[in-house]
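Here it is, the structure, as structure tokens.
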Amino acid sequence: MRTRVFRFFPANPGDVSGLAEAIATGVVQAEQIVAILGKTEGNGAINDFSRGLAIMSFGRLLGPLLGCAPEQVEDRIVLSFSGGTEGVTCPHYLVFAIDDADGHTEDRGLALAVGYTRSFAPEESGRLPMILETARVVGTLQRHLAVDSGDVHLVQVKAAIPPVPADPGRAHAREWRCDMAWSRGASALGVALALGEVSAARLHDDMINRDWSLYSTRASVSAKPGLLRSEICVFANARGWAGEFQIVHDVMQDILDVAAIHRVLHKMGLRPVDGQLPQEESRRIYGAFAKSDADPRGHVRGRRHTMWTDGDISDMRHSRSVISSLLSAVLGESAVYVSTRAEHQGPLGGGPVAIIARNVSEGSAAANGASAATEYEGDMKCP
Amino acid sequence: MRTRVFRFFPANPGDVSGLAEAIATGVVQAEQIVAILGKTEGNGAINDFSRGLAIMSFGRLLGPLLGCAPEQVEDRIVLSFSGGTEGVTCPHYLVFAIDDADGHTEDRGLALAVGYTRSFAPEESGRLPMILETARVVGTLQRHLAVDSGDVHLVQVKAAIPPVPADPGRAHAREWRCDMAWSRGASALGVALALGEVSAARLHDDMINRDWSLYSTRASVSAKPGLLRSEICVFANARGWAGEFQIVHDVMQDILDVAAIHRVLHKMGLRPVDGQLPQEESRRIYGAFAKSDADPRGHVRGRRHTMWTDGDISDMRHSRSVISSLLSAVLGESAVYVSTRAEHQGPLGGGPVAIIARNVSEGSAAANGASAATEYEGDMKCP
Amino acid sequence: MRTRVFRFFPANPGDVSGLAEAIATGVVQAEQIVAILGKTEGNGAINDFSRGLAIMSFGRLLGPLLGCAPEQVEDRIVLSFSGGTEGVTCPHYLVFAIDDADGHTEDRGLALAVGYTRSFAPEESGRLPMILETARVVGTLQRHLAVDSGDVHLVQVKAAIPPVPADPGRAHAREWRCDMAWSRGASALGVALALGEVSAARLHDDMINRDWSLYSTRASVSAKPGLLRSEICVFANARGWAGEFQIVHDVMQDILDVAAIHRVLHKMGLRPVDGQLPQEESRRIYGAFAKSDADPRGHVRGRRHTMWTDGDISDMRHSRSVISSLLSAVLGESAVYVSTRAEHQGPLGGGPVAIIARNVSEGSAAANGASAATEYEGDMKCP
Amino acid sequence: MRTRVFRFFPANPGDVSGLAEAIATGVVQAEQIVAILGKTEGNGAINDFSRGLAIMSFGRLLGPLLGCAPEQVEDRIVLSFSGGTEGVTCPHYLVFAIDDADGHTEDRGLALAVGYTRSFAPEESGRLPMILETARVVGTLQRHLAVDSGDVHLVQVKAAIPPVPADPGRAHAREWRCDMAWSRGASALGVALALGEVSAARLHDDMINRDWSLYSTRASVSAKPGLLRSEICVFANARGWAGEFQIVHDVMQDILDVAAIHRVLHKMGLRPVDGQLPQEESRRIYGAFAKSDADPRGHVRGRRHTMWTDGDISDMRHSRSVISSLLSAVLGESAVYVSTRAEHQGPLGGGPVAIIARNVSEGSAAANGASAATEYEGDMKCP
């Protein structure tokens, strides 16, 4: 098996011309695509419709190619877009395609498996049943890839938020946990449970979004109102998968923990010089994923920050900008994927970081098929 | 001579209690203060009144101590506040005090000289006369400190913007250059000229804010409407000044040039590990100054950015956040001073960076007077 | 002939379920739709993708019904969405459908004609040729409707902005007028010329966006980068058109000229009580269109305003909120369409206002077909 | 007795030159000033320091004149500044001065009384004791003015928020009600109780900020963290007070209830024409106070609004803009004072409105002393 990663630079959130051309020229096979992850240039808040525009655009492109209606593409391919390209962040999307290319059996390359939870009842949202079901699916995917939990480096979850029932006879609205924060918290703990990062004995309804000492170092969760089942992507390095790409993770202890990024690179054999990858190594970076949070205690390393008291810029946009800046500077690459709100994803004020890089030591890019590294750029528009 | 640097962490822009206590306890002598530079938590735009609040507060504190009216303090001490503490930036202010403490004659410590241009006529603003007069004052201050231009590491300018005359008989409003951009551009070129970074032959009215190949690597200019004369602080390392603090600069070639920050640290003998100063070395950092700009070409290193097309967050707030994040991460210290709009201050899209650190190799802090390193923190308020 | 107006309240910019149901139940015939105008809940700035999402959604719905590709729907139906639902503004869209229903010949009901300019060359943009060509099309549409210029009450223009040629051999970029402000200004003057509001003798390249004494009281122009030809909708009351709906306009002299709104209502026989239409009359309002601008002189009626000096909220969002508030309050109806930047659309600081109302005196709603008044509401989502 | 009202238009929040000149020329006597209320051009959020700048500036001006330290002025004069001049709102401040001028005994003119609650313990904040103590002071002030509750038209409260004790031995932080929302809610109910708008029997801890059917039509409350005692201004029309100014109130049932503003004017004998006061009557308006709120149910009169789902502009800035626009348009005067968050101040989604006008029918302005009507305008600055 082989996971191939293609990176595109759209001119706007609805621009799918890059992928269209890659498919038209045979570089990408539509039916091999399992996930598309991207950053779009909205504000990342409730009223960010750049994500919807991207999803609709990919549906229009891929529906006919997959023989389904545009709106059904989302059921066959994970489409996960995060709004907010603050600071230097470059809007981009990554297409993950899997084929059965022959890898050397001793390879341990990037592997990817996608699964879905069952639908959640409203009373399960943000509670133990959501933790357990999320953990069950992660476990299944892990077994499917035949990897140890230590080989899993990123679990991307688009978490369900079942609607609160309208029936007034049921429990009072205040007790429902059908919102984004609860859904993210429970889902992240589900990942942590599956990967052995927390013990089942410590998990119960009351510790969710309260006991921040328990967390996953690899969960990256967003939640979507109205989504009934959670969508889960497990990224790992797996034996028998072609070794062209690899993924490695670490966890930032706080929003300034740039050393965590360096540790990831070291594990990949990449060496920043004066704080930044040399251009040659920078070009090997294909994906960088991190969660950000403005520390709710109002300070970082003893210094006050003002991300929570700014009446005009939300803490979410502030914190994404910080983590994006650090990743972009260390990697020498600003096409990074930072999303915010990290309940039980890394310690309080910190968060996981995972990086996907091409493993050129496996052979030259040409030998492995230069097409895998092709980037299709849309027209870049300047102000 | 000796320049001492005191750093304070106010609870809000009007909080001068830290300095008040330092003066009350004899740590700082009011009459030795020559400059106070700080970051305040406004938006940094026209309607940012946090700066005015800070200036008024220092006037109220220092006027009685200096035997002048509160509003006259600004005429005797450089008060320069930059609004906008985006991301992790910690609001803070630095108090620079000079005394005639005995330094070893072979010392080369932080030296500071302050001067003023003459008042500018409206027709001079943003034109060659402003360049020349700015250069004249910088040269005078440099000679006063008896330093080579290579010893100068930061020239902080609060630049004049004379008001456009109301007289309709004079030239048409369109031709005046009485605005912030013109004033910054001409003043920065004045610094460049004084420091030998550009030759006089290449300077003329038409190249200002147009020929970006000419710039200073050490100018840091803000402009203030209604200010008639420019205020200039020259920071250098000078022979015969006590060596407790030193200043070093470099120039970022673009907004991601984190290597420039590393180079500054290297020159100071400081060694980041995994991209960040160890805590022990981090504590030696007392000031970090940089200019930021969102590259007007709309991309950085070939990647599109969206700082200019965001309808809700200004490019200024975006770019400050990026540079502040990089500085804070490398230094392990978020009390950094980043201001924006860098016409002729570093290359297009880049900007100067200067760092002040305590030179502990000169002896233990205690030996040099621990008080010099004392930080007075106001109460930190969390959300 | 008959123009029918249907109003829908989408749950988000991509929600076209209301129109879908109206078509499915036979209330609306897809092939009779000539224009869809709406307000979407983006920020109205360059990075507002709510408009693109709406257009793509209508394409997906209507393409199959019209027998064309989704992306071709825009060529057959005017789709004009304005971002920014500041304050109380309710996101909504109006569907205009024309059929050949028999109107009494003495009727003078709402009539609508749509046309297109030829494609503009870059050197024509924002100059006299754009004025003249726009005027030509407006004149043609007016003749098509067989109305006097006094019967025309709204000319909605989506104005072309041809791309600047890449060829460096052509004139310097500074001289091009290929941007939104120039395109809006020239297009509005074209409307003014066609309607006899300005004389051709006073029009030339140099007065555009400079001589604000010349303007149209009925033009409402937005401009779209990359659009090669302008799309023009002329709304009038025309003899022989069924009289169920009527349109009336007036012009606000400044942003507080609420009396202009009252004058429109008076002309329609509607009577606000204590500044607001009674509920029964409020229900007759089906469309309200206005342009807003923050007076560039910085004051309104001698009072300073701060819309231009706010570093966090753009003047565009501020001014839309003001006009939307006035319209919503007077009409008792917050589904209003206010767009901003009104060069040569009304006097400096003011702008046109036009209102569409059902003319119930022509007979009961039931008699005219209750369906014409049907509103299809999507689910309203509360925070 | 006589209350005089002076209105000033500062060039920025720190500009007190208008009042300074009025005092210097003998128009205003510093020692007669009892309150200064103003709108400043900040964002009105936590990080709005325009208010602090105004307070400090008035302290600097008035301290020497009152023979006290600048920071003590706040203890002698109510200084209440509300940030946020969205839309057309004109930054301004009103100075209320009381002297013992001889009014006709049959006069019923504007009267003003100021008082303070005792300091509140943390456990009292946002609970019944705060209601009762607030009511007690309002009652005392009412008796002092010798007016019926029906004569009271505005009770402006700057409400205390005692700090939560640091002692961990005391009750858990979750149970404290030491925040702005609780303080506003309890204080407003205190006003309602004192004015007989609610019965004591229905007041208890659990109904605060929950049972929105109980409210005051005349309370206008803001809360200030760290303020230990609440400051209360009662505005009434009282027998024996000179009749030059009068105050009248009404309550807006929702954010579009412009009729409430008209009702206030009718009671004053003022007649809007086409929705707006004629210029002659507009000039009689000296103060307009209202509270705004974005309806938390997400819709107004059955129409969705998006004030709560905007990720970039807070609901507070949105709602202030709406109410300010309505007031400014009806009054033909944009120097209006709208503040936001109206717990128990008017019904849910609505709020009180009170207007102060000069009563010219009592005699010509000249006869009553033209100086009372003098407006001192600072230089207006345009962008």
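We just call them A, B, C and D in the order they show up, numbering each chain from 1.
In the analysis below, contacts are C-beta pairs under 8 Å (C-beta built on N, C-alpha and C of every residue); 3 or more make two chains touch, one makes a residue touch a chain.
Just so we're clear, the structure is a prediction, and the values are computed from it rather than from any experiment.
Chemist: Would you mind checking the shortest number of contact hops between chain B and chain C?
Modeler: The least step count works out to 1.
Chemist: Which of these, A-D, C-D or B-C, gives back the A-B interface, meaning over half of its contact pairs coincide by residue number?
Modeler: Interface equivalent to A-B, from the options A-D, C-D or B-C: C-D.
Chemist: When the centre of a chain is set as the mean of its C-alpha atoms, what distance in Å lies between chain A and chain C?
Modeler: 41
Chemist: State, to the nearest whole Å, the distance from the C-alpha centre of chain A to the C-alpha centre of chain D.
Modeler: Chain centres of chain A and chain D, defined by C-alpha means, are spaced 49 Å apart.
Chemist: Check each residue of chain C and list the ones that touch at least two other chains.
Modeler: Answer for chain C, listing residues that touch two or more other chains: 41, 43, 47, 306, 309-310, 312-313, 317, 383.
Chemist: Under the touch definition given earlier, write down the residues of chain C that touch chain B in their complex.
Modeler: My answer: residues 43-48, 306, 309-314, 316-317.
Chemist: With touch defined as at the start, can you tell me which chain C residues reach chain A in the complex?
Modeler: 12-14, 40-43, 47, 49-50, 52-53, 56-57, 60, 70, 312-313, 383
Chemist: Where on chain D is chain C touching in the complex?
Modeler: 9, 41, 43, 85-91, 255-256, 258-259, 261-263, 266, 272-276, 296-301, 303-310, 312-313, 317-319, 321-323, 325-326, 328-330, 332-335, 380-383
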